[in-house]
Amino acid sequence: MTTHFERPVRIRFSHCDPAGIVFFPQYLVMTNALVEDWFNEGLQIDYAQMIAQRRIGLPIVKLDCEFSRPSQMGETIMLTLSVSAIGRRSISIDILGHCNGETRFRAKQVLVTTSLESCRSIDIPADIANALAMFAPQPEFSEAQRS
Amino acid sequence: MTTHFERPVRIRFSHCDPAGIVFFPQYLVMTNALVEDWFNEGLQIDYAQMIAQRRIGLPIVKLDCEFSRPSQMGETIMLTLSVSAIGRRSISIDILGHCNGETRFRAKQVLVTTSLESCRSIDIPADIANALAMFAPQPEFSEAQRS
Amino acid sequence: MTTHFERPVRIRFSHCDPAGIVFFPQYLVMTNALVEDWFNEGLQIDYAQMIAQRRIGLPIVKLDCEFSRPSQMGETIMLTLSVSAIGRRSISIDILGHCNGETRFRAKQVLVTTSLESCRSIDIPADIANALAMFAPQPEFSEAQRS
Amino acid sequence: MTTHFERPVRIRFSHCDPAGIVFFPQYLVMTNALVEDWFNEGLQIDYAQMIAQRRIGLPIVKLDCEFSRPSQMGETIMLTLSVSAIGRRSISIDILGHCNGETRFRAKQVLVTTSLESCRSIDIPADIANALAMFAPQPEFSEAQRS
């Protein structure tokens, strides 16, 4: 069973600050792109169409990050996404950014499905809920986390 | 005693996404600018000089955010910064973004003083520690928070 | 007669690259904000309302820039906007970024009024055309430019 | 003989503005990344090492763009780079952004090699000059351009 989705990202000149390392808001632009790729390629849900035609938004309501080590221009960071909880109107994901076995950052995000017309939360649409099932957290894994 | 620092920020076209609301990493670019203004104007520590000449960095190691309501292009959001803890090598701040009495987001950030030469944490320099004292969390306030 | 509009902008950590100077696309984010301020404060046309309610866009179709000197974090750059031509569906502006008498960059931009519904160009709406008249290029000035 | 370098780029949520199309400064972040990829993969010059270790900068001094058609979230744009002139201290490049045979934008850029220590222009280093020779504009092509 698939439990995570991952994509590499190259650290570019435009990601870096005068200290020569990733400017932290850029990590969140990267995680947003990762969610986009996960929808398109992992869940097989067309993200652009979801926003522009179906008018379903996926705003973030909660974000907890730890930045453990800086990343330098020229490095390739692997971003790994897993699902920690699926609610009726929300998806909780964990994203790990790592490089050569070293953790660079972790981000826990809670995303909510909304109507871009009413600007209110809506139930996760059936096709998205079905696709998410494949990434649903494993009971055993949750047990392990709880202990 | 001064306990907070605040600055308004206008929500611009460039902050907003295809849903017409602030793209969340932009909030963190705003909070970074707020910290910069706080150093320059609140603490009277020249931020650019601190980075470029003194080679002292102030990376974030922990970030916890809640995004409660979206912000629209054209609005002016008030950002309020207060200090929740001062360590030997770290500063914990709380930032509240609000508009017309409505909370838009909260961000708790832990910043660490580092040497940009060695890339290691360093004790908060004396001039910065002295300036921070003015914003130190009030004991009573901390009590209230703890209960 | 008013012939230009100007606003200062502080060069921030988030504008700068690993070389410690403004990353050039950031200059264009700044000129976009300047146009926004010019509409709101110079022309007295509510920019956010123009985009979001009236559904009038103002995309750029032509951009010519010269970057003559780098700008450093901590500097305050003055941005000066003047109008070089007003067409039926387009506005040509010149933006100069300078600091202490030194030119940092110049940007010539042609903006077109469009309908965000049809995605096609439209005549400049009457209220905007009237407001623009105040900033219309002076004949003498145009003569001087031509010779 | 190799005369151009190209890479696709997916238009993401983070590139787009409230009008749902690419915010134009984002195109220039993309062209900066293209130059980075061209150095790394086309010229076989390590871009990050050039900046961070060799302390050679490549600032832009001139930029001329035409934005002919908007690009939407979800599209994949092909970016094609060719060299139009190589000077002693400068490289002139043309970048075309296109999608399904339709031109979206063109950008002509003049980049200058500089020392990040002295902040002055320097001759193009020999290894870079040698690598550039492969992309040098063809005489016939230059003739055609001149007529």
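For clarity, chains are labelled A, B, C and D in written order, and residue numbers in each chain start from 1.
The rule we apply is simple: a contact is a pair of C-beta atoms (placed from the backbone, for glycine too) under 8 Å apart; a residue touches a chain by one contact, two chains touch by 3 or more.
Because the structure is a prediction, the values reported are computed rather than measured.
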item	value
From chain D, the most remote chain by mean C-alpha position	B
Between B-C and C-D, the pair with more C-beta contacts	C-D
Whole-Å gap between the CA centroids of chain C and chain D	24
Averaged-CA centre spacing for the pair chain D and chain B, given as whole angstrom	36
Intercentroid distance (Cα basis), chain C paired with chain B, Å	30
Shared interface positions of chain B, touching two or more other chains	13-14, 18, 20, 23, 25, 29, 32, 51-52, 73
Arrangement of touching chains [line / ring / star / complete / other]	complete
Residues of chain C touching chain B in the complex	12-14, 20, 29, 32-33, 36, 46-49, 51-52, 72-75
Touching residues (chain side chain A, partner chain B) in the complex	18-19, 21, 23-26, 28-29, 32, 51-52, 57, 59-68, 70, 116, 119
Touching residues (chain side chain C, partner chain A) in the complex	13-14, 16-18, 20, 23, 25, 73
